[in-house]
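Look for subunit A in each of the two complexes below; its partner is subunit B in the first and subunit C in the second.
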Partner chain A sequence: MSLALEPSVGPATTKQVTRERIAGNVQRYGAAIVLGLLLVVGSFAFPTFPTLSNFTNIATQSSFLLIVAVGMTFVILTGGIDLSVGSVYALGGILAAYGSTWGIAGAVLLPLLVCGVVGILQGLLIAYGGMAPFIVTLAGLLGIRGLVFALTNEGANTPLIKDAAVTALGQGGILGLRWPVVIAVVVVVIGSVLLARGRGSQTVLAVGGSESAAVLMGLPVARVKFSVYVVSGLCAGLAGALNAAYSSSGVPTVGVGLELSAIAAVVIGGTLLTGGRGNLIGTTAGVLLLTVIQNLINQVGSLTSSVQAVVSGIFLAVVVIIQTVLSRTQRL
Partner chain B sequence: MTEQLSTAAPAPVLEARGVGKTFTGVTALQGVDFTLRAGESLALMGENGAGKSTLIKVLTGVYQPDEGELFLHGEPASFAKPVDAQHAGISTIYQEVNLVPLMTVAQNIFLGREPRNRFGLIDFRKMQEDARALLATYDIHVDVRRPLRSLALGMQQMVALARAVSIDARVVIMDEPTSSLEAREVETLFRVIGMLRSQGIAIVYVSHRMDEIFTICETVTVLRDGKVVHNGRLADLSRVELVALMLGRSVEKVKRGGVTAFGEVKEGEGEPVLTARDMSRKHQISGIGLDIRPGEVVGLGGLLGSGRSETLKAMAGVMQLDEGSLTVDGKRVRSGSVAAAIKAGVVMLPEDRKAEGIIPNLSIRDNIVLAALPRLSRAGFTSRAKQDAIVDVFMKRLRIKAASPNQVVSELSGGNQQKVMIARWLAMNPKVLLLDEPTRGIDVGAKAEVQALINELADEGLAIVLVSSELEEVVEGSARVVVLRDGSVERELRGSEVTEHHLMAALVGENHSPAEESPAEIKERL
Partner chain C sequence: MSTVTSAVRLPQKGSALVFLQRYGVYLAIALLLLFNLFFTPNFMTIDNFRVQFIQVVPVLIVALGMALVIGTEGIDLSVGAVMALSAAVIPLYIGYGPLPAAILAVLAGCLIGLANGTMIALIGVQPIVATLSLMVAGRGIALLVADEQLKSVIDPGFLALGRGTIAGVPYSVLLALVLVGLVAVLVNRTTFGKQLVSIGGSRRAAELAGLPVKRVLITIYILAAALASIAGIIQTARLSASVPSTVGNLIELSAITAVVIGGTPLSGGQVKVLGTVAGALLLQLIAASLIKHNVPDAYSQITQAVIILLAVYLQRGKAVLK
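Moving on to the complex of A and B:
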């Protein structure tokens, strides 16, 4: 008898592997499939739904959340969480408005710089200080919102953007797509390539999958954890700046609860909340799903925003249940 | 390289002098001197909690020693992080975690050193090819695109080994690498170790299995309570002497112990307490039937993948059955529900204790009484005194080494964590106890205690099913052995047939009487 170890894999057959793969793919692309179904159903149900202007609208509305959710995906993949993104988003908007006095460069660079520093601080505390992401970013959520109010005279000021080039960044576009949409797509594409095949991508997944194993393997765990919070800060700041450009003003109260929408989108998109598995295509589908649901509810017209929240909540619950069931099938 | 081996005393590669390490309240290492020479294969021995894993972690930069120094090739060295030790050519398979279950085999092997294309992006195709080629050199054939967690435990361990040796290393340290391996896999492992040694690579090997130690190691360092109590050539020691050194007992006292501590075993009488009929699940088991009577220990024999663990899982409600029935005391038990199984009195000690049971951040006490709580409570209140009594008994019997019952389990040594798990299931006072590898990873002293305990429980009328990859444990511990092969019952050994000899023959599926062949010959062919 040869020493080949093939049989010791157990009776796991190719059939089983195939089943695992199918389950994995459903988990990965489930949000996209549901999105497709919703689009079809919505188009038949509401004649005002499948119009070019409505779709453009959905795309623009989604773009800001999507950029935030990309950063959040990286954070969640490492098993962390970033609750500060809503506040950082508002900060980015305010700084873009103030920075717009120096033209487009000021409107983009100032928020990126400051929000990047916020990410660096949070990343340092979490990755090198060993503090819990939940606590650190919760402090960020409260503190940064406070900073936003301090910068705007307790929220009484709403700095306006007068520079035409800056407002064009929010409202102009190319090929019928607004710049925020184009930029969001670029962010998703770059993020996807990095996540699929970039240098640190495997460490991101390993940290989320088993941090202690990653440490013992000698992977740069702290560096990667630090980086994802910086990326998340940058993404939230960029999204806030674009939103300010789009609305021609930095609104201090914008982005309240945005962190929860971002987390919801990421999870609906098939990323495990515990980390270690996920992708940005799913996150994109998750964001679009949330926006489309809201849009469809608006089509009905008579529903209040609280009903919207209930529907989104139910949806999230269903998705999480399906994910759990699927990951169980894969484990067997 | 072989010339190097034959010279009298090659230069030390890795040395520790006067190393001490204290955790809150526990002295894990004290004044430890340790020397490893090029091409040497050294066994690091000691009871559970003696400090073996701690020493390894100090040597590889996971922990910083409180005192003492390390030397690498005679030069003072210090490793701030595990990666520093890896760069210095020290590759380690740690006892607890090594790999990332969600990631694929190939990703795990190349984590941190993924092959890249000319744009600096990871080249997955090359990675998979390389992983396949690497595993093939060790005769391991597995789909490298599968997530690690979908592989059997033993296979996962082989992947960890492949990763460890593929990092260009001068020293390979293995902390209980075989605790989840099957006989055939152990042989593959030994072959790999042989290859490493012929390349002049030094090996540190930790195991509680004596035959392995004597097969592959030349020298031995024995730790007891954090101190080195012996250093020398293995050939100069007998097994009994080695055990005596580890336990700190006299040789005579150890000799009285025997190979295993099982007493007389007898077949159970009367009505079966557990009856399984025609248990089947696609690709795993098919048509397995069993009768377990009170007071008997039934061994389940079989190679890895024969469906042993799956059979236990089916009976414990962990695995849903496609077909078949399970009755306990004449009452049908719903398949696929652990709660139903426990309610009926069937509990299982799972094979993979790490993933399937231990709650690392809870105390020893809580981990032990957790599952027994319903039984210990009255109207929702539990008597603390009752809990303490139970915990106390098990900590003593199983010799769980800890500062107090309140210590969190994650701080215990690997073997002591195992003992806590065993205590938990025993504390539930079940009717049927399913034991999957009950003595894996625990030291000789405690092993004997567990075996004696299994015996006692059977005498008290418990029905026990025993799975162990150590043949002598199955044979000496069981009154009869049901041998599985490819997911169904191959045959049953009873009475005088329950010998290693017959079991081995049945494992490979020999139908004729194996009398003409010696066990050694059969082992050879395995």
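Moving on to the complex of A and C:
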């Protein structure tokens, strides 16, 4: 017992090590464990839940948020935040619809180009202008939504996608999986490889861990901070374009509040909001968890969207409380 | 990058930049008024100003609470949900009279503040996620309380809050002025105010100095929620209806913008009450000027975004200085 009084001195006891390891694993895989439990419980409770068509639906609904959340994970790993993704998502959709008159290349490249530029502008202000990410991307949230409405005659126009190849990108698929799902998986894989082996990946984590320490070590902090906002802009634009292809139109009001879902998914997935620790598998589990909860609430049928909001909000609160307590255990 | 503090140059004392940082928001208001004097017919009239003041009241009151929270280096995204909850509670208890209903509405809002404060102060959750979870859950609760319905409120005593005037000044504007005064005294003249800004300056240092950090933080989030509830009540009185689905939507963004434009840094440690009032007024005047010139809403949103960026860009040196 005397050891417990001075935990930082001397070699850690086996008990402490085990406890820290358990805490770390729960934080890392907690979302996946809860997801597994929900799937099992849901399958027993609702006969209409464990069907192939329902799972396909869940996968498709998750794919757009997942792509956005991948970009958000990169941003949050550096200790930043990107509130503009919902508006950029809508911008991507509108541009995909306008670009689809030039076929599939226009529908994909135009949104990526413009949303990439949005990311570049925000990244410049944050990384080289020394401005707070919260406020820059808040301005992005407002300004880009304004741009979306300016492009659509105050939201009165909903540009339709008539090109069959573009709609096939959203609605077609391979092996029973829709293309957005396939693309989301590819994005997660590329992102994971980048995080594990990319040149900048260690810097991303180092910046989130301690920015001044990273600067003192001579790491390219500004360049990495800049890049994560570009990645986030590209991801949000891509997701928006795919969603437009899926729904055959660019809807100006789409993606309101999407930034909150993306942040929630990233945090539920075990990435610390303070940065420095996290991974994309967790983010994937977090996104799936949010979608499955929504799906299960819909299965009950009689519950309304307000109940859904209450459940998601309380769920998020519980998850962050558990995470905060767990990461305190690990700091011992 | 030779220094740790990043490449931002520190402003020299007495330079134009320092002047802009300190008085930029007032200068902007003056310029805007001057512009409207010459280019907008019927802008410089008592009636128009009465309308502008009535419209700015909810944002202003919410921004006062937000300024306190930002002063502690926090943020409160749940204020819109708190407004919705207090609006939802009003029709349930209006039968007991306007004052009991208003008190219960504020108490209901304070519960959300208490939840925010507990998560942030006692458990150590980051303010942005803690208040995000209550922003989502709070509006859901508000809608459930109201049975997801719009309810009209017809109690004449309650509606007077939205329509009554004293010597031409609307009650709601007077109430806002009183609240501004109270918050200004709280920040500048009380121990609590000093504790608030020292927590924002450095929470660790405040803890080591033996300040009651947790208690102050919880109180701040409850205060912010109480102010947001009052804004919700005023909005309900003005609409003569409780509309929990839309009341206070996105008001957290306007409130944060007003606070930041007013010169309170997001990094905490300072609270500019008058600046916050000016920030809210500036936002309102910009919106009004654009509307009177038939500028579409889309462009006024873009303008607002550019103004936020400009204001924060001018102030970024201050955060480094701290």
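Throughout what follows, the second predicted complex is superposed on the first by the 316 of 332 C-alpha atoms of A that agree within 3 Å, B and C clash if a C-alpha of one lies under 4 Å from a C-alpha of the other, contacts with A are read in each partner's own complex, and residues count from 1 in each chain.
Assume a residue touches a chain if its C-beta (ideal position, glycine included) is under 8 Å from a C-beta of that chain, and two chains touch if they have at least 3 such contacts.
Nothing here was measured: the structure is a model prediction, and the numbers come from that model.
Asks: Which partner chains sit in contact with A:149 here, subunit B, subunit C, both or neither? Use first/second/both/neither.
Replies: A:149 contacts subunit C only, not subunit B.
Asks: One more residue to check, A:81. First (subunit B), second (subunit C), both or neither?
Replies: Second partner only, subunit C.
Asks: After superposition on the shared chain, which partner residues are touched by A:310: those of subunit B (first), subunit C (second), both, or neither?
Replies: In the superposed model, A:310 contacts subunit C only, not subunit B.
Asks: Tell me the contact category for A:209 with respect to subunit B and subunit C: first, second, both or neither.
Replies: In the superposed model, A:209 contacts subunit B only, not subunit C.
Asks: According to the stated criteria, A:260 is in contact with first (subunit B), second (subunit C), both, or neither; which is it?
Replies: second
Asks: Which partner does A:130 contact after superposing on A: first (subunit B), second (subunit C), both, neither?
Replies: Only subunit C is touched by A:130; subunit B is not.
Asks: Does the superposition put A:164 against subunit B (first), subunit C (second), both, or neither?
Replies: neither
Asks: Is A:193 touching the first partner subunit B, the second partner subunit C, both, or neither of them?
Replies: In the superposed model, A:193 contacts subunit B only, not subunit C.
Asks: Once the complexes are superposed, what residues of subunit A are shared between the subunit B interface and the subunit C interface?
Replies: The overlap between the subunit B and subunit C interfaces on subunit A comprises residues 212, 215-216.
Asks: Could you pull out which subunit A residues touch subunit C in their complex?
Replies: So the residues of subunit A in touch with subunit C come to 81, 125, 128-132, 134-136, 138-143, 145-150, 154, 212, 215-216, 221-222, 260, 263-264, 267, 273-274, 304-314, 316-317, 320-321, 324-325, 328.
Asks: Show me the residue ranges of subunit B that touch subunit A in the complex, using the header's touch definition.
Replies: Against subunit A, subunit B makes touches at 62, 81-86, 92, 94, 96-103, 107, 110-112, 114, 120-122, 124, 139-143, 146-147, 149-152, 154-155, 158, 182, 184-185, 187-188, 191, 283-284, 303-305, 307, 319, 486-487, 508, 525-526.
Asks: Okay, in this complex, where on subunit C does subunit A touch?
Replies: Interface residues on subunit C, with respect to subunit A: 1, 4, 6-8, 75, 115, 119, 123-126, 128-130, 132-141, 143-144, 148, 253, 256-257, 260, 266-267, 296-302, 304-306, 308-309, 312-313, 316, 319-320.
Asks: Would you pull the subunit A residues touching subunit B in the complex into a rising list?
Replies: By the definition above, subunit A touches subunit B via 1-13, 15-17, 20, 193, 196-199, 201-203, 205-206, 208-210, 212-220, 272, 276-277, 330-332.
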